[in-house]
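These notes open a run of structures that come right after.
Both complexes below contain chain A, partnered by chain B and then by chain C.
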Partner chain A sequence: MNEDHPMNDYVEGDPEDWVRIISVDGFTFLCKRKVANMSETIKNSLDEAGGFSEAGTRTYKSQERGIVVQKMIEYMSFKAHYSNVGPKEEIPVNEMMDRLPLEILLELMLAADYQEL
Partner chain B sequence: MLVEHEPNGGHGNRRIQTLVQLCQRVAANHIESISSVGELSFTLVKPVLERCSAEQLLRIEDASPHLKSDSEELWRSLCRRTYPAMLERYDAETHAEPDSWRTQFFVLREAEAKRLEEVGLRIRSQRLEADERKKEREVKFTDRLPPPKRQRTGWNMPTQPKTLFQKTRSEASKLQKNMYHTRMIPPMLKGKDYRPTGNTSSDSLLPAMSTYSNRVTVKTVARRPSAAGLSEPSALPSKTSNPLPSKSTNPPSTFTAESRSLVSSSNGTLSISSKDPKNSQIPSSEIVSSYTKPFTVTKKDPMASLFVPKHRAHSQRAR
Partner chain C sequence: MSGRRNNVRGPTSALTDFLREQNITATTVAARAATQNQPVAGPSTAQANHAFDNADNAQEARGSSRSRRRRTANRDYDSDDLDDPEAPVTKKRKANSSVAKDKAKKLTKKDDDHEDEDEDNDPYTLLSKMGANPRPANGSIEKCAECDKEFSVSQYTIAAANGPGYLCHSCAKKLGNDPFKKPTAPRKRTKAADKRNIVYFEERRFPTLVSLCINVVSTHIDDIEAFGDIGALNMEAISKAMSKKRSLNSENVNLFYGAGNTSLTLYDVTKLSPAALITLGHLNPNLTSLRLDFCGLISDEVINSWCTSLPNLVQLELLGPFLVRAPAWVAFFRSHPQLNTFLITQSPRFNLECLDALIDSSSKTLTRLGLREVGLLSDDFLEPIGLLSGHLTYLDISEPSISCSNTAVIKLLKKAGFTLTHLNLSGHIGLTDEVLQCGLLPHVNTLDHLMLSNLPLLTDEGVARFFSQWSNPPLTSVESSRNPALSSKSLTELLNHSGEGLQYLNINGWKDVGATALGNIATQARNLRSIDLGWCRQVDDFIMKSILDSCKSWLAEVKVWGCNKVEGKWVTSGTRTKAKVSGIERARTSF
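And then the complex of A and B:
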């Protein structure tokens, strides 16, 4: 489908690629695709096979505020990293929980629900 | 086109809770800080609300009324959690579900508070009673003297003049002690209310003394027979009362003179009994017994037995 595009050999894109996530208040976040793919919605949106226009630009426009997007990406990194550890290793979930400030908690919960995170 | 491996990672995903779940957990830990859940759907906040107390739930519901329609089961589990016993009772009586578990909860709470209050009241009163009972038994400090075992006469207080009859009676009772165990002798005469206050040292002693007013207490006392024999006056057998007021002011000398004269002639001429006065014990008993009437037992003051000396010197006998 995108054979003419020199950079993409795969439909889904290189996981090591950098993608852009933009918050509603103008902040731009760059992260690896494999991290961004932790969120189903973002993954689908960036999925070039899905036909979304964003796929070409590798940019995702979020409806959330910057702080919230940042926390989400933080979680996505956490999840991406610990998805691949061996079964014996303990996952420091409590640490992640400690990093969730109460002030944005409910907003974050709403966003996480939408993002299928 | 090769499909790359799942970028979501392998099965490690299964072990990691979603961000939603993490948020719910954190929120549940900090319910107090939550004033409202805004527009969040019930399903999202349900795990948080399940861990609320009644007040918290009420507050959040008030802030986000859309939750109220779904919160019935929350209130139901709250009821069950907080008042398990009451709920069982409730179910036993009426098998219908209450219309609103929310109101039901507060009904239960009031009932519980009332019940607790009643129980508390009962316990408190029981404790007070126990305390009182304990207080009665404990050692107390008092200024009052215990009553003497016998009626004291003339040791510290001036005696009132005694009628001859009264004297005889008291003598007889004293002698009686040697014969029998302690017992009470009923009052002899009913005509006048004798208050043998001449027999008692004072009225300031324990008011229990008033119970003795009509009775002669016969107490056992070891007495030398000779002393008893000498001292026994003849008793007047008359059953009519001497018309004496209790605080009579008749000069005592008259009586003593009388009694002495009687004593001197008592040797064979005891008008009461046929027995020789030398056998002092026996006639005294008869003397007493002739006065015996059906009697009632009065309560003895438990302190009465405390301070009585066993023997009184003969010279100290009141006259």
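And then the complex of A and C:
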């Protein structure tokens, strides 16, 4: 087999790219790829090497409602920022917890589980 | 301790060497000091101190030679440390108050061997203070400068901070100069690395959104109405999500209870105490079906309580109820004569008596029986199971401690096999092809799921022959892992027999199965949902590509652990699939 396309170094999207996440009720969210990559499922589907069709259009169609998607993206930005923070900084987890409204909590938990968040 | 010669022979400082060369010894300096009583230049002051002390010591009753030796040792130690600002200051006897004050300050982390001393910052004044208050002899009685108590002077007596005089042991300790105190270990600085990992929910991991949600659920468990009404299907998904990290506990499990519930499935109840499990029964009185995984804490008490609190229960599935003793099981069966499903995994205590009780009470209704990993399973058990003939559809007696024999199994299949749709005989290592030929072949014709893993005595020809002759309709799932003797013939006949119906195939461990037979999977088994080809060494990228292409509609999972030839090249050749392929070794780098 010709090895002109080595498997190891596949092209990953530029983390500063913008990607689109669409909720099931029609809301569109634009966010940076590095934020979207916090979710394993979104990362895999937008990953060009994975062979999924979403990779080309840089759009991910979520099966969740807009509110839920919004909260997830909020969490993903929180995670993206604080994952790289220095060792001495406190991560304000409780703040994030306070921002989860009870009404969508269970739906959010299921969505988070699916998204491997 | 005292008098120990310091055996360290290291490089001495230039100073020491110089002094030695010049023949400046303790005695010469002392003589000079005594006569002149004037400040002498720095280094030799140290010498003078030594010399003076030595002269002083000579008058003492005991320990003079000892102290001289110590002095010598100290001297080396001293001069070596002259340049080191942090060096522990050697302790020498000082007959001086101001020096004692500095001493008091500097007395930390020192060797017990050395007495308090003070490498005075001001060597000029040092010598002038000498001779003012010669230290009283060891053993003599002195009055304490602080508390006026009488005490006997020892090697460790410290001079008072202000004014002449010495301190008794207790006053010295109050100042913090306890010479008997063990040196404090230096406090370790918490490394930055340890500080970084904040332990909130899991150590060393950024808290996941799922865990955050679970925590909020737990805190607000009393406001269940606020969560909104979620259907039963979602409840199951939620219980799965919470069980993943073993987050289910006695508080948040209440989320799943309801007087109207008829079925309850909890995937990890490790953290539920027996009391909580009893409560489970009380709060869900209308349950007809109950499944609890990892229920190690279920005790006799719980089962006894369920006898009355769950009157409508007809389906019970428990993973891990190893604490329950035979009498409790018997009582439970007697109180539930209408059981139709009884599946347990892992119980060393479930014995023949229990089984008899079960069959006695529920023989008319029991359709599904599972006694997986039940330690006491034996041929005797198979007798009463035969009594279930006519309605038994699901039988799982896999992974016993001791294998059942061919005859017993064949007998059982003869009696009860004709209604079976699911059969699991994995792990009965004593079974041979005979079971297939004389047990399954003639008597079992309605099977959908067949599990025959880890039956090392099965042969390739035997299995092939069985599948070629069997009149059963195509199987839906076949699990035959860990049977290294089976190979291409078996696979070919299996595919011929069940190819159209197969949705789940596990031939992990069929190491010799050939590429042609494997290739047939793609052509004959298009409805596969999940396939495990682990350790089938002949699997390679071509076979993978054909499987992925042809089983496109349904395939969700492919496992190829141990298949070295698989490299994942089908992606670049354009095969797109939603199947999850796991087990590919890292692709070899090209040169």
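General observations
Basically, the second predicted complex is superposed on the first by the 107 of 117 C-alpha atoms of A that agree within 3 Å, B and C clash if a C-alpha of one lies under 4 Å from a C-alpha of the other, contacts with A are read in each partner's own complex, and residues count from 1 in each chain.
The rule we apply is simple: a residue touches a chain if its C-beta (ideal position, glycine included) is under 8 Å from a C-beta of that chain, and two chains touch if they have at least 3 such contacts.
Bear in mind the structure is a predicted one, so any value in this text is a computation, not a measurement.
With chain A as the common reference, the superposed partners chain B and chain C clash. When the shared chain is aligned, chain B and chain C each come close enough to touch A:M72. Of the two partner chains placed by superposition, chain B and chain C are both touched by A:M97. Once the two complexes are overlaid on the shared chain, A:L110 sits against chain B and chain C alike.
Looking at the shared chain after the overlay, A:N84 reaches chain B, while chain C stays out of its contact range. Common to the chain B and chain C contact sets on chain A are residues 72, 75, 79, 82-83, 91, 93, 96-97, 100, 102, 105-106, 108-110, 112-113, 117.
Residues 1-4, 7-10, 12-13, 15-20, 22-27, 30, 33-34, 37-38, 40, 44 of chain B are the ones that touch chain A when the two sit in their complex.
Those residues of chain C whose C-beta lies close enough to touch chain A in the complex are 192-193, 195-196, 198, 200, 206-210, 212-217, 220, 223, 226-228, 230, 234, 237-238, 240-242, 244, 541, 567-569, 571-572, 575-577, 586-587, 589-590.
Of all residues in chain A, only 1, 3, 5-8, 49-53, 72, 75, 79, 82-83, 86-88, 90-91, 93, 96-97, 100, 102-103, 105-110, 112-113, 117 touch chain C in the complex they form.
Residues of chain A that touch chain B in their complex: 9-12, 15, 33-34, 37-38, 43, 72, 75, 78-80, 82-85, 91, 93, 96-97, 100, 102, 105-106, 108-110, 112-113, 117.
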